[in-house]
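Structure incoming, see below.
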Amino acid sequence: MARVVVDVMLKPEILDPQGQAVQRALPRLGFDGIADVRQGKRFELEVDGPVDDAALARIHEMAETFLANTVIEDFVVKVES
Amino acid sequence: MTTRIGVVTFPGTLDDRDALRAVRLAGAEPVPLWHRDKDLKQVDAVVLAGGFSYGDYLRAGAISRFSPVTEPIIEQAKAGMPVLGICNGFQILTEAHLLPGAMLRNNHLHFICREQRLRVENADTAWTADYERGQEISVPLKNMDGRYVADERTLDELEAEGRVAFRYLDVNPNGSLRDIAGITNAAGNVVGLMPHPEHAVEPLIGTGGTDGLGFFTSILKKLVAA
Amino acid sequence: MTLDTVKHAGETPDSEQPWKELGLKEDEYARIREILGRRPTGAELAMYSVMWSEHCSYKSSKVHLKQFGEKAPENDALLVGIGENAGVVDVGQGYAVTFKVESHNHPSYIEPYQGAATGVGGIVRDILAMGARPVAVVDPLRFGAADHPDTKRVLPGVVAGIGGYGNCLGLPNIGGEVVFDSCYQGNPLVNAGCIGVMKHEDIHLAQASGPGNKVILYGARTGGDGIGGVSVLASETFDDTKPTKRPAVQVGDPFQEKLLIECTLEIFKEKLVAGIQDLGGAGLSCATSELASAGSGGMRVELDTVPLRDATLSPEEILMSESQERMCAIVEPQHVDRFMEICEKWDVTATVIGEVTEGERLEIFWHGELIVDVPPGTVAHEGPTYHRPFARPSWQDALQADDAGRLPRPATADELRAQVLRLVASPNQASKAWITDQYDRFVQGNTVLAQPEDAGMVRIDEETNLGVAMATDGNGRYAKLDPYTGAQLALAEAYRNVAASGAKPLAISDCLNFGSPEDPDVMWQFAEATRGLADGCLQLGTPVTGGNVSLYNQTGDVAIHPTPVVAVLGVIDDVTRRTPIAFAEEGQLLYLLGDTREEFGGSAWSQVVHDHLGGLPPKVDLDREKLLAEILIAASRDGMIDAAHDLSDGGLIQAVTESCLRGGKGARLVVPEGLSDGGSATGDAFTFLLSESAGRAVVAVPRSEELRFTDMCGARGLPATRIGVVEGDTVEVQGQFAIPLSELRTAHEETIPGLLV
Amino acid sequence: MARVVVDVMLKPEILDPQGQAVQRALPRLGFDGIADVRQGKRFELEVDGPVDDAALARIHEMAETFLANTVIEDFVVKVES
């Protein structure tokens, strides 16, 4: 069984209140030097069968139509070894 | 001397005014505490009220746990000061490790607001002395991240020590393990629960019952006796 | 990259401008040139185009909306009328209440969660801008067919968005509607309303007066939200290296809004602002031009001081950005420091971006260069007015002739029973708890009534128990059959709901959802509905305090049903006298108030059983509605009734079912004599149970109060018919059928979850 | 400016209803062959200055005390090129 990861992040121009809240909290906790934080989602998919081009194409489509809302989010599909 | 009960307002706290009202209706002196306060204004007990402190961003309660006011609360709670965490307050208490376990997104993934029946499993804590063990009460419940989880060992320990303070009846509204609605620390001074007793202190408002008032009269009696 | 300054515009009078792409008509563009005596700069063009859009200028609707002012009833309670962010009414004891309903239909179709969430955020800021503490929200919703796959996408997102935002703000959701109809496929209606409370002396208005006063922008930083349209300008004026694709969708941050609310209320408390305006549609363009035009002087703004989330934004984009959670205040110089301190306390970013000037112009600078120099009133209020053609649709007569009275009725008692069960289980009649349980109705600890009660009610004074109530209603099927009557039925229903809760109806807000104004059929529906509503309000004595118009709710040539949604606000001196809907006391007597006629046009029965829409909607008798309301209020005040439920879609059996389920008690009903029987076997029982005649309510009367209650009805001339008793655990209609409560409960409660999971 | 990514996932023994909801929906949308889905969080941190061992150690600490709740979550820190 292979693992494919889909990372979904808000588009850069879209407000990310969660990331902002984390970033604002960091200095209070004594962590400096973080200029920006964005928070997104990570999906770990366990795929039956081989992760060939066809499978990846399907996962790409799945990410595009379902895992991400492309009105406001971008995504990346990665095969994990 | 009046009994002073502090209610903390973090940015995004919502039920602070209700908690202050409940304290007042029980006959104690409500003392508002601000998240930037570094001292607790000599209160005798603290209520961490419900809401979405810091928007519940990151994890419910995670950011508030690091607020200035939280430090002295953790310190004094460990020294025995009574602390009640309601909903978001319960989440903060687990994030601060004053209570074991953690709160996760409801198993059905929706916010849930309902009139919830509970059983009081431990009537010996600072906040539950006015109830009978086994008493069934009804108070509003409303949360997004109300699923109580802990590992098996912790759960067994809680059960064995009688530290499960409240259990859900009829329905488990959020997938909490072993129907746990609230727990206490070993000393019984720190109590956390998801349902909202502060919304059930007047006959007309909320579910229309006053089943929640006992939390506030319990603590008042305890502090007056002390 | 050249900045299109006023000077540059003067020097290049013939430069091509993308007015068409920005949605302006040729004569509108010419008018702008005439106002300015030159071509507008890019920034000016951006401002005029957005402020003169249908959404902001009401250009198609305002000739009709005028009636709300012209026909406004004499009403001492009205403190602030139409034209401000929201109207304000006096509710006694020194309190004033402000409330309004707005639409966020289109964004909610594109991105249901964020569209609905920012709809709540926007209306709450409107209420806040009046000086009030928001105390409750409501959400009238319309979706496509319940079993359509897209409804599964749109509805959960919308509900989660409304809940996600409102819950996080700590505003109890105390009412609304959920209606399914295939006419809303592709055009869901997401209306959101908010109620706010203040003392009379705290009313704030959106105006910028007093030269030297500072203009402070506070709240979220400005990003590129909702400016899809202006990117044509940006790409025109600037090089193409920057991102040209701007999101058309806004993302809300309810946590930021909660801080904005608390911060603003603290600022109000210390009386630090001379004028205030929320930023909603058209962002800074709207706020600066409206504030400046409502004040006495002009305004000067240094646009480059606006704090940005995205440093690449052009001045045009900053002016148009619809970034959420922002407010604009006018502050006297000596109060600025304290203002800033309070903002700092709440972690709210605040920036002085300009000041009120002696002149009469709105001048906006970008790094020292003048890019906007306009008379603000021409931007804010002198948009075009259209007298769009309208005509009664050619199909209207045929639709009305297709009488629902001719539809086959149940032939046997068993069939009637089966149809009743189908009805209470149908998506529009079924319990909406799956939805409303996602909304916090308890927060703030003042909620006296919320879903599924007739009206939401909150206490506004803990000492005196003064409270306010609100109900929202609208029935697109009725309005399609006859928009004039349909609008009045919406008004009558909301009014009746408020009265049924024991509160006295005071004033209304509305959200008028229609198709394209360029279609004369739709425009006729709009004209008829506004006329009906204005006439109705005059007759009931409840002024329209404000509202919102949403047009172009259509796909291709097919418009939604005309859907005027009416919100009625009521006041109750003592919330302990409120009347719930629950039949909870065994042995109490059930009385039906009002007259039942054979009225099935547009009814739930005709929809559920026959998939039919035709004929005429129920008749409206507003004097009767008034009398009914007076009786309901008096009976509640004097303790003569323990429960009341108004009758509307689904008729009597629907109301009785809801009241029985709520109270956990059954009822035995007797079909009264003298109803018209329509000539079928179950004739009079059928009419009794399922007709949708308006002006009716069912009440539960303790036996000890029966005489007093019937005497009162008799003396006032309101028909009151004893129809049964609260009893047992079945709903029984004598001589017809009995349905156990458990069976009714399953039918009523399992539909919506079944459709959506 | 360098980017450091912190991936936070629920521990395997903790129920992940979000992941399950995604997985259950997939066949309905016509995507087969995904045996398991887990949903977690991805934080993208923009770090001022060099991402040396000291910086990574601090980020590790930040993840441990703040970005993740180690009662229920595991995390991984990665430097992105």
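As written, the chain order gives the labels A, B, C and D, with residue 1 at the start of each chain.
FYI, contacts are C-beta pairs under 8 Å (C-beta built on N, C-alpha and C of every residue); 3 or more make two chains touch, one makes a residue touch a chain.
All of these numbers come straight from a predicted model, not from anything done at the bench.
Common neighbours of chain B and chain D under the contact definition above: A.
For the interfaces A-C and B-C, the C-beta contact count is higher for B-C. Taking the mean of the C-alpha atoms as each chain's centre, chain A and chain D sit 9 Å apart. Remark: chain B and chain C have CA centroids separated by 36 Å (rounded to whole angstrom). Averaged C-alpha coordinates put the centre of chain C at 41 Å from the centre of chain D.
Contact with two or more other chains is made by residues 54-55, 57-58, 66 of chain B. Counting only residues that touch two or more partner chains, chain C has 253, 255-256, 347.
Annotation for chain A: residues touching 2 or more other chains are 17, 21-22, 25, 29, 39. Residues 54-55, 57-58, 63, 66-67 of chain B touch chain A in their complex. Within the complex formed with chain D, the residues of chain B that make contact are 58-59, 62, 66, 94-95, 100-102, 104-109, 149-151, 175.
By the touch criterion stated above, chain C contacts chain A in their complex at residues 110-111, 114, 220, 223-225, 243, 246-247, 249, 251, 253, 255-256, 309-310, 323-324, 347. Chain A meets chain B in the complex at residues 17-18, 21-22, 25, 28-29, 39.
If you check the complex, the residues on chain A that touch chain C are 10-15, 17, 20-21, 24, 69, 71-72.
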